[in-house]
């Protein structure tokens, strides 16, 4: 029997397609403007781990690559690096469990953070993620090495993952971490069951070791009191900004975020925001939460004292008004103001934003040196200021780690500017990679060699495990 | 800023490949405020399931995002307009949910522009669109009926208040037209109509990608109304309403008369005290927003106002309502005619949703009404399906 | 050449011994009273990863088991499960790095938490561990599946581990997690480098996948303000105790600890403590910390409000005075009062404490049912109350997980009582394991089958990886 | 509660295998308070390196914990007293650090009890202990010298204040004895001594495990002092002091006289104004606590008081001092004689530690003094090593 016939036998005729047009829609995201297009040969929409298992057995038999994909490009799977089978997991989106008492959530791989969060909110819980978009889903944010930002005090989403159900390359359905106990009375209660932690093997793996079909998260209590405050500094005060970030993180504030003024280019342009003060270059936002108003006041005072200590000036209202529209700014949902801004930006630059670096990870203490290098190369390639604005957007994370993105506004069809960005990126990468910087990208071929040359031992270990688990190299071939 | 609603495919050149793949147009969301202070405000709180073609076909291709991607490739000449592509393109229900969400890219407009490209290139449309378009051209109705349009009550051919019944009320649902006319007359409106000279509004032509025919229909109808002395054109059909109100001006310039849907008019008459509902209609009733009246036309409040004015009637909302209302499955009449299984599946889902909330579903568009009613009957779903004009008539004690 | 000669060539004659007496001192801890004695054939004291590497190559050549060991029994390595080479890592105890700004610490495997913590304190940092004893060392607490308790808000010690240097079974020296970047300018700055997390593979592994030679921890700021409060409940109010534990954890208090009154048997006996109130059965301790006195007051109020809400009565001074002596209570360092207590306990029971369960892990919401079962079996085997006192000691951890220990006082040489404890343990284990409970033990052969039958997929995965990395099964043979 | 210090091996039956393997007795710690409120109080803050035999041999067996484990096995008859075991047993420096830390198990007592078991079973001791024990028995000194003990200054044979010089001062360090005697005389004390009739205190016999000889020595010396009319026995040697003060009473019952170390007496005389230091001694001086005066004898303050009273002298502490002081390497004279390399290594470490703090090291025990001084010379360590009595004499302007 040929592959298509066998697939249809497993899945049913309606959910398997080798239509060129359908496959094309699953090609590697064209959004990045990388001129990188790989499309699958077949798309299969799976609904159960058992189907995934049978597909993997079949793929092994035919030695065909299999790539899983959730709904969204950002924080979702990027599509195949080689043809083969594209496994669309979007129908696997059930919420399996919300355990209010033990503060756990389990959902199928394709469930979006939005969906899960909406449900958690009703139970007084939350996930401290920045991935509240409709698309990023609970598995993808855990297994792709990109973008799954959480909140300062708690780290990234993968810091909250406690267990997986996954289908190994040979089709075996296994459970690791807390999910190993999901079918027992105690439920999926703890990541660190007896023995080594295997959850980590699947995180940031691009699915190379198995197809994740369920994810267990630990949740937090949704605090009743919140406050947001932002402060600004001139460019010359970058060391003070650094200290503010370091200390805000050390104080375990809920969230500490930093960006430069270029993030507001669009807002200023259409006069939605008053112009930023002359001497404003960096803006640091603090989010604090509390159980009582009294506790909140004290935390607000701590924020204010910290900013004061390092000479930050209050930018009243910015955090509130900006965050009110931010989530919709470039992810233009039903919010007319936000959409208008996006469209203005589009009109001005005849394009949209394009990541130069997505994402860079480095010690927070290096923020000044990294920023200055970004500025140096950005200026050299003329993408630093208007109208391309190399926007700096930094997530200060627990463990004194900065995860930052930088993007510029360009027309993807304009080869000159796309080329400038690529040259800028290459030059920066060399400097950054030599110092031990970490690149995160959805697409391993686009990840520079530093990714592995900086960690040859880990790479070697991964390849040994990969060979042991996936001898036919059917899952995410090209990743390791 | 350019009005994208008037754009053709090439106008999307600079935008088509800029979609960020955020998936808001079809997946679960859109998004919640960043601050966790509260649940998303209702206007942000899109329902979980919102794109009918994604929910039915499940392929990423069958979403605004997927169609936008494909449109980009077609424009770049990187992809042919194949049969596959045609099917993907015409299984869009046109419900406008994606445009509601993604106001930056207005993906539905790209889809429509691509349909025009299909027709321009002379590529075969899905069955039975070619036949239906031919019917519009030859017989001026979408059903291909040779008989001329026939408004059930004899009305003057000229007047300030012109009733435009549309193909459904003219050919298939005369009771809707009758009830509408009698209610308006009871309100003291001197209602007139083009009668036999009324021609198809061209909606289906437009949604087939047949812009030429759509423009032709527009020119004819607008000219006829002008001649009849119209100050106000009153529509029963949401599709016609959208066509008259939003597309005709693009084709023929600003209209010299007002375009109003019957639900808008009834709400106004109630407000002015020109009509009143004195007969109780008991029961839990839910209102289904027709996509072309609601999201396309932004008419949400007036039909609810009318319903709430009926004594005895308890108006309840379905989970998805107002701007987040779900398509009835008729899908700009394209789905209804080309992909009846899909159309039925969507209608079933909508009917079941209504069943959760009420014992009667009321809608304000003959197309939605007929499709939902027929599906309820076929599937034996125990839910009364009504259209708003007849309900108004009943509440006023008017026979129809 | 024979093994001894080759070892001496690598290490030098003075640090290699096959003396029976020396080997005997490295036999599996006799402390547990398990009558489990396995002793190594050779003891080798290694000082560098390179030596470890050469020893592993040699061991592979001779197919001889290798077991690493730190200084302490508790939280240290337990000794070999089979003979072979015992690798004593105690000389590898250097502190490699304390990065105050980025809040990181790196130490060699054998470095004790005490030593590291003393140094961290000087830099205004701390590790939220309960392992401040002299013996437990930074690697052992990460790689043994036992006892490495942290503090409620932060979890266990392994939650703070960011990287390892390890020697793979084939002798390759690799670095994973943040340690992969230790030799770069950025230093060991982040656990989640690009790619899957491999740190977890070594945690709780008993060294089966490699010998850990360096560990990187993330540290916390050492708060200037601390408070300790304890409250008590009668036995009948166990549900309220549970709620208090759950909510205290959800509120992210620094530490929430629970035990029953039997923990104070010794203190009461020598009248160091006034008798506990009649209706006191459970005692919950809270530790809170803050940056300012004002913030501390608010947190203290939150503690008090929580206890009040569930009817807990204040036990004034207990937390303070108990914690002042606790660390020395059974680990009798230079504190005459503490030593006196220990000796009294010894005199009374003619023995010492012996773990019945070390440790049990279960959802905090199950605390009442678990405690009641412990009580049931404890009473059945007559070890519940005086003079054996089955003491319950529970660490409420983030993620709503309870890690508890239970011990009784017995003379290890008294076969009858040791037998009672073993029967009690077996009966409880059956009930507990069937519900998904996790057993943690230093000694895999003593871990019941539930450990693996509850997670067959994970076990299978571990064995595949084990075979790939250690084909001669030289590291901790018997673990997987 | 039983006094474990009097216990024999069998008295540890119930304790030997109860060691919790906490490693506090030799590893880094002991422990810090649970509350993180402050650094551990000084009395809890043991130094990082504290067990000389662990630091030198590095095997777990060569710690109190290891020796306790082995003792348990020997008692259970699960392990023979092999040559290996003997070596492990006699490489304990006897410095009492482990007892200081582990007051529950007092591991050093188990070790000593096991040494007695060795002797009882007639198993050969490490060289040169058999010869030295024979010397004690035959010639009444540890050096095996046939010559009788000889106090450098002629003193009365009877008196209330009896000076007991000990083997070191008698045979090797007459200056220490001379200085001590002259200082005490200057204070107006009518000092007397047993002279040729003074016999070895039996310390080395006791620490060899030779309890019979130790008891014999005790009986002789106590009897002789009684006869001499002693009200106070004044010792120069810390080992002798420990033997007289702590072991003799166990062997012969309560003593009818006071046992006092010369540093204690000097401190008392200073306080009473009976002596005074008028001659400056300039320099940074650090005090090394002899294990048997400090941890075994709890005499920490008095020698420091004496030193602080000397004009010009700046007393500084080493990192490890007082109860956390480190062994000089002589190791209850057992190490010094049986394992000279080990003894030298420890002395070197201690000297280097002193060098970090000061330019002169002062100690108050002839054994420590000689071993440290000799090692400093051999290893060319630039540090002056002094003993306290001669320093006191110098400060008083007394020649010795």
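Going by the order they are written in, the chains are A, B, C and D; count residues from 1 in each one.
The working rule: contacts are C-beta pairs under 8 Å (C-beta built on N, C-alpha and C of every residue); 3 or more make two chains touch, one makes a residue touch a chain.
Because the structure is predicted, anything quoted here is derived from the model rather than measured.
Participant: On the document's contact criterion, could you list the chains that touch chain A and likewise touch chain D?
Facilitator: C
Participant: As a test of understanding: of all chains, whose mean C-alpha position lies farthest from that of chain A?
Facilitator: That would be chain D.
Participant: Centroid from C-alpha atoms only, then distance chain A to chain B, rounded to Å. What do you get?
Facilitator: Once rounded, the distance between the two centres reads 38 Å.
Participant: Between chain B and chain D, what is the gap in Å from one C-alpha centre to the other?
Facilitator: Comparing mean C-alpha positions, chain D is 103 Å from chain B.
Participant: Return the distance between the CA-based centres of chain A and chain C, expressed in whole Å.
Facilitator: Spacing between the chain centres: roughly 34 Å.
Participant: In whole angstrom, how far does the Cα centroid of chain B sit from the Cα centroid of chain C?
Facilitator: Roughly 67 Å separates the two chain centres.
Participant: Indicate the residues of chain D shared as contacts by at least two other chains.
Facilitator: none
Participant: Residue numbers in chain C touching 2 or more other chains?
Facilitator: none
Participant: Which category does the touching pattern between chains fall into here: line, ring, star, complete, or other?
Facilitator: It is a line, because the chains touch in a row without closing up.
Participant: Chain C touches which residues of chain A in the complex?
Facilitator: Chain A residues touching chain C: 101-104, 145, 156, 158, 162, 168, 172-176, 180-181, 184-187, 189-205, 208-209, 218, 220-221, 246, 250-251, 291-292, 294-295, 298-299, 302, 361-366, 398-401, 434-440, 447, 451, 454-462, 464-465, 467-469, 480.
Participant: Residues of chain B touching chain A in their complex?
Facilitator: Residues in contact with chain A: 1-2, 14-15, 17-24, 26-37, 39, 43-44, 46, 48, 58-61, 65-66, 69-70, 72-73, 79, 82, 84-85, 87-88, 100-105, 323.
Participant: Could you list, by residue number, the parts of chain C that touch chain D in their complex?
Facilitator: Chain C residues touching chain D: 15, 17, 19-22, 24-27, 29-31, 33, 43, 45, 69, 71-74, 76, 88, 90-91, 93, 111-112, 114-115, 117-118, 121, 126, 130, 132-135, 222-223, 226, 228, 287, 289, 323-324, 326-328, 330-336, 339-340, 342-344, 346-347, 350-352, 411-413.
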